[in-house]
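Scrolling down, you'll hit the structures one after another.
Here come two complexes built around subunit A, the first alongside subunit B, the second alongside subunit C.
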Partner chain A sequence: MNKILISDPTLRDGNHAANHQISVQQIAAYCDGADAAGVPIVEVGHGNGIGASSLQLGESPIPDFDILRTAREHLPHSKLGIHVIPGFATIEKDLKPAIRAGVDVVRVASHCTEADITERHIGFAREAGKTVFGVLMMSHMASKELLAEEAKKMESYGAEGFIFMDSSGHFLPDDVTERVKTLLDVLEIPVGFHAHNNLGMAIANSIAAAKAGATMLDGTARGFGAGSGNAQLEVLVAVLERLGFKTGIDLYKLLDLSDLADRELLKEIPTIRSVSVVSGLAGVFSGFTKHVYRIAKQYEVDPRDVFFELGKRGVVAGQEDLIIEVASDLARKAKASS
Partner chain B sequence: MKKLKVAIIGSGNIGTDLLIKVMRSPHLECGAFIGRNLSSPGMAKATAMGMNVSSESISYIESNPDCCELVFDATSAVDHQRHAPILRKLGKISIDLTPAQVGQMCVPAVNMRECLSEDNVNMVTCGGQASIPVAYALAQSHSGIDYIEVVSSIASRSAGPATRRNLDEYIHTTENGLRKFSGCRRTKAILNLNPAQPCVNMQTTVMAKVSNPKLDEFTKIFQKIAQTIREYVPGYETVVPPTIENNRIFTMVRVRGLGDYLPAYAGNLDIINCAAIAMAEEYAKNRRPALTEAGAPK
Partner chain C sequence: MNERADKLVREDCRRVLDGREKQLAALKGDTLFITGGTGFMGTWLAEMLACLNDDFSFKTKVFLMARNTDKFQGVCPHLAGRKDMTLVKSDIRRLSELPKQTHWVIHAAVTPDNRFHSSRPVETMSTVSEGIAAVIRAADPCSDFKKLLNISSGLVYGTQPWETERIPESHVGGPVMGNVASVYAEAKRYAEIYCAAARSQQKLPVVTARPFAFVGPYQSLNTPWAINNFIHDALNAKIIRVLGDGKTVRSYLYGADMSFWLLRILVDGVSGQAYNVGSPDGISLEQLAGLIAEQFDPQPEIRIQASVPAVTQRTRFVPDVTLAAEGLKLSVKTPLKAAIKQTIEWNKLSRSTAVAV
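== the complex of A and B ==
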């Protein structure tokens, strides 16, 4: 039966939920557990990847290099992964030090229609001998044909696998199925999927991906991640095994790991809050949630209106500064009409 | 006054838009429009406009040194590294629109006069042209800045292949420019490409951390410098005036372009090109007689 390669970005996507404040102690503890459970790839870092600590997205108190070194020391078996977005991270400032820190898997990501900005980063990481996957984010904003065309570019740059992310948690299972099929028709390399749970579909969508032929899936402990979170890793692995897919992960130890995350990592378990439903419907990046709450409060506007307006403008991940523009606009309009 | 003869190398979006702006300038005329491929859209446009075009890249200027006194280099960072010594040897002024950082950085609203004595100036980046005046105003109104960060979003359609290949150089050059003009040691630049239709306007946000924010003073200086920018970039406007949010000073501007080669959303193209034209016109207005004679100096 089919084998699924699991990547666990609890310590990366989960950093969105922790305002990018996950500490080295937490990283060490989680990595020990993940390594023991046999999680194949553990992705670590700022929520938007290396080089992304910023006022725009939230500052991390720990330099990327220290984060990666800590994880490396506590992952004797599992591979250490990073998320890299060109436009935030540069080869010189960020990728080279990450490779020095001992990273194994480099996932180079762009907005779903902008694959050509990843060419140099993918090429560099391949030349450095790393395993390199291409990632397209916010993939609901491209048709399946366009997504496949962009993915094909990543393959031509040297990506050894391709993952599409439902960064807004907008997809329904059929959307995922048809995308995976189109991608498999076009690509020579394996296809993977990264889910968000805004509309309660993270597990269902991941399973749809696997059934359609995807061989790489992302999941996080307790679903810890941006907005309403990701596919819950322990549930995902359990369901996959029940369906006959193999992950190579020890379920009991994975459940222990998730309990550890609950104790050591999470202040609150991700749930689908009202605003997350709106963010999923509006197709806005899940990582915006905390910023939207904060800014909507300052400008005394409804965060749901802010999300729908951002959706109308077609904002992409990384454009968090537009939240202030939209909120101040809404506040001005509300004042003018009252 | 006799117009200053210029050449443009690079027939992509930047070069072609520059050509249209040069044609309109009362101080500049285009002696040669140079690329590598005569069938590119920019070349076709220049040919249709009756320009003297060449596909021989820098070697055209080497064999026809009389075609210009000043060269706009709109190729790529790697290419300009190679062109700069050649142009210097030929006695040409270079205005570099790539992030190669060979010459003095030039942001007209801040340091146009002092660039006149240079024979190679670097126009930083589009995001640099939009944000550095804001960073400069922050530095003028505060005794020290702990950190400055600049986020620019541009329409995907406005970013050609060279821009996309040069994202890292864009970031490093913008960060260096911010450091140079603000005196702040920690700077960060971020660039987003947004594919939304209709195309989004270029927007740039400057965020800063200072220990003792002086919002009123900063706002006053910022408004004055924005007015100066509008003299050469008419579409430079404030979207969110200086505001304090989450312990950071936040200012957002938008640049609407003149719609010369690409439509008005491509303010990123417009702001760096308008700055380059302003600088070239300043050279034209301040020519020393020696500079007006064609040919290499001894």
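== the complex of A and C ==
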């Protein structure tokens, strides 16, 4: 029976949807439920990972250490995971304290073509005896061959597993299948997939990944995550079980957890808004959605045009300031042509 | 470095020589130029040659070439400060000439660290391909030149089939073509065939060594390779983490044995021949972890499938060394258990000093 290792980044990716305002009480409550349900890995922190709280990316009212300490206290069985993007997170200031706080799983991430920047962070976490995964974001921006080459770098640095993220929800199932197969041909470590739901494909894509040989999948309660959200965890687990994959998660307790998240965590359930469809088609990071809405309104331009223009420019997470530039350009052009 | 650590290495050289110094007598009074002279391999070669000079009056002049000789001076002052050793600071690609009296060359430049190959594939390929060309160009005018030992890699065989217990030099296989993950192995294949071309066209005597895996002093414990990780974990009183089910098979030759093998292949290896260099005694990673753990009291815990995701892939990397054993009478003098013991002891003695060269 094929086993799938589930990671739940509700309290990390969901922080994008919550403007990074998830409280310690919400963290405690959610972790209690996740631990009881047997969720193997619970990932917490700022949407862009530890050390990323900032004016530009969104400020979290809670220091990383408090988030980690709270989660650790409420996860007696589940592994505690963090998302680490070198540049936002430094080894001294962020990674060392996180490991001291009891983190079990360190997921070191970069843009899909920049695996080189992860070497030191992967090496450090590995040396600290933690399980380390390499993560490549915005993976639709790299061919499957290039993605495999970048993943191979992470493996050589010491990553014990590799996960590719469909950060803008751009993939269709065949895209995922061929990437997983290419990765498995090249890598000696397990492969995982993290979906976004812009085109309503998060579950289908995750299942395609599993059928192609991926053994790690991400899902969030009610799909709580950036933009139109992630693969909905309770649905993902139910479908996997129906297909004969084992997750080790208690489905009833997971459903209870989702209800809890619905009550305690979500101000609004992620939906596929029109602009999310555009973001998925344009291949732009889902986490940009709120910013695009706000800035498009400010400059009186169509947010869909903003997304397509951002897609043409190949923007990546961390380049939120380009939204203003794009909206401003569009507004200027509109004014000139009127 | 401290004297006790240096003494441990010297005693290992003496033990491995074990009356066989006569087999290296061709080196007496000659000049040997070693590229990559400050790496794990180069340092062990320097140790063995220093022992031959001190104990058996070989009077061999040794040149150690590397990009960063300053670091070596700090880490190995007992070698760097010797009158019979000369440090040459240069990038192998910029090597234009050898000392005129050079008789022998061991070309060991290029790090085997796969992290470097992954991050710097172009530099990896250019260092190997331009490096071998530079060495052969530089060796050509040396009137008394005797032989070049080209250090290749066991990776030129590609993935070892699981059902092949030991991989012989005659194995027909290779790295995955056109894949950037193959840059090091492909570059080494290129270097091998470049040597064959030079042997044919320039009549330059060239022999090739294909190293497998090693253990011993001077090996950095920070590289993400199984044996280094296990020793590192144990030295730091941590759990020894075995990824996967522990059934992956490797073999390890001790540094002192390796240096003797390489010098033997240089001296008596048949020009045009490639020789596997490594231990033929495969060991599973689970057993390896056990061997390391039993060197400590209290023994560290060993955790199989230590990573959260289950790793199911098993690989094997073990050489068939019949050619070296029968042709050059080479054998493993340091059993793995003793090799591990010495490595741990040396690292304990050297802990206050940086050892990664």
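Structure notes:
Keep in mind that, in the parts below, the second predicted complex is superposed on the first by the 338 of 338 C-alpha atoms of A that agree within 3 Å, B and C clash if a C-alpha of one lies under 4 Å from a C-alpha of the other, contacts with A are read in each partner's own complex, and residues count from 1 in each chain.
To be clear about the criterion, contacts are C-beta pairs under 8 Å (C-beta built on N, C-alpha and C of every residue); 3 or more make two chains touch, one makes a residue touch a chain.
These numbers were taken from a predicted model, which means no experiment stands behind them.
Of the two partner chains, subunit C is the only one touched by A:41; subunit B is not. Of the two partner chains, subunit C is the only one touched by A:152; subunit B is not. When the shared chain is aligned, subunit B and subunit C each come close enough to touch A:116. When both complexes are overlaid on chain A, the residue A:186 reaches subunit C alone and has no touch with subunit B. Contacts of A:333 after superposition: neither subunit B nor subunit C is touched.
After overlaying the two complexes on the shared chain, residue contacts for A:246 are found with neither subunit B nor subunit C. Once the two complexes are overlaid on chain A, the subunit A residues touched by subunit B in the first and by subunit C in the second are 116, 119.
Subunit C contributes residues 114-115, 117-119, 179-181, 222, 224, 229, 232-233, 238-239, 241, 243, 306-311, 313, 315 to its touches with subunit A in the complex. Those residues of subunit A that touch subunit B in the complex are listed here as 54-56, 86-88, 90-93, 111, 113-114, 116-117, 119-120, 141, 294-295, 298, 313-316, 318-319, 321-322, 324-325, 328. Note for the complex: subunit B touches subunit A at residues 147, 149, 151, 153, 156, 161, 164-165, 167-168, 171-172, 188, 190-197, 200, 203, 205, 207, 209, 239-240, 243, 245-246, 248, 250, 252. Only residues 3, 5, 40-41, 79, 104-105, 116, 119, 123, 126-127, 129, 131, 149, 152-153, 156-158, 160-161, 186, 188-190, 192, 215-216 of subunit A touch subunit C when the two sit together in their complex.
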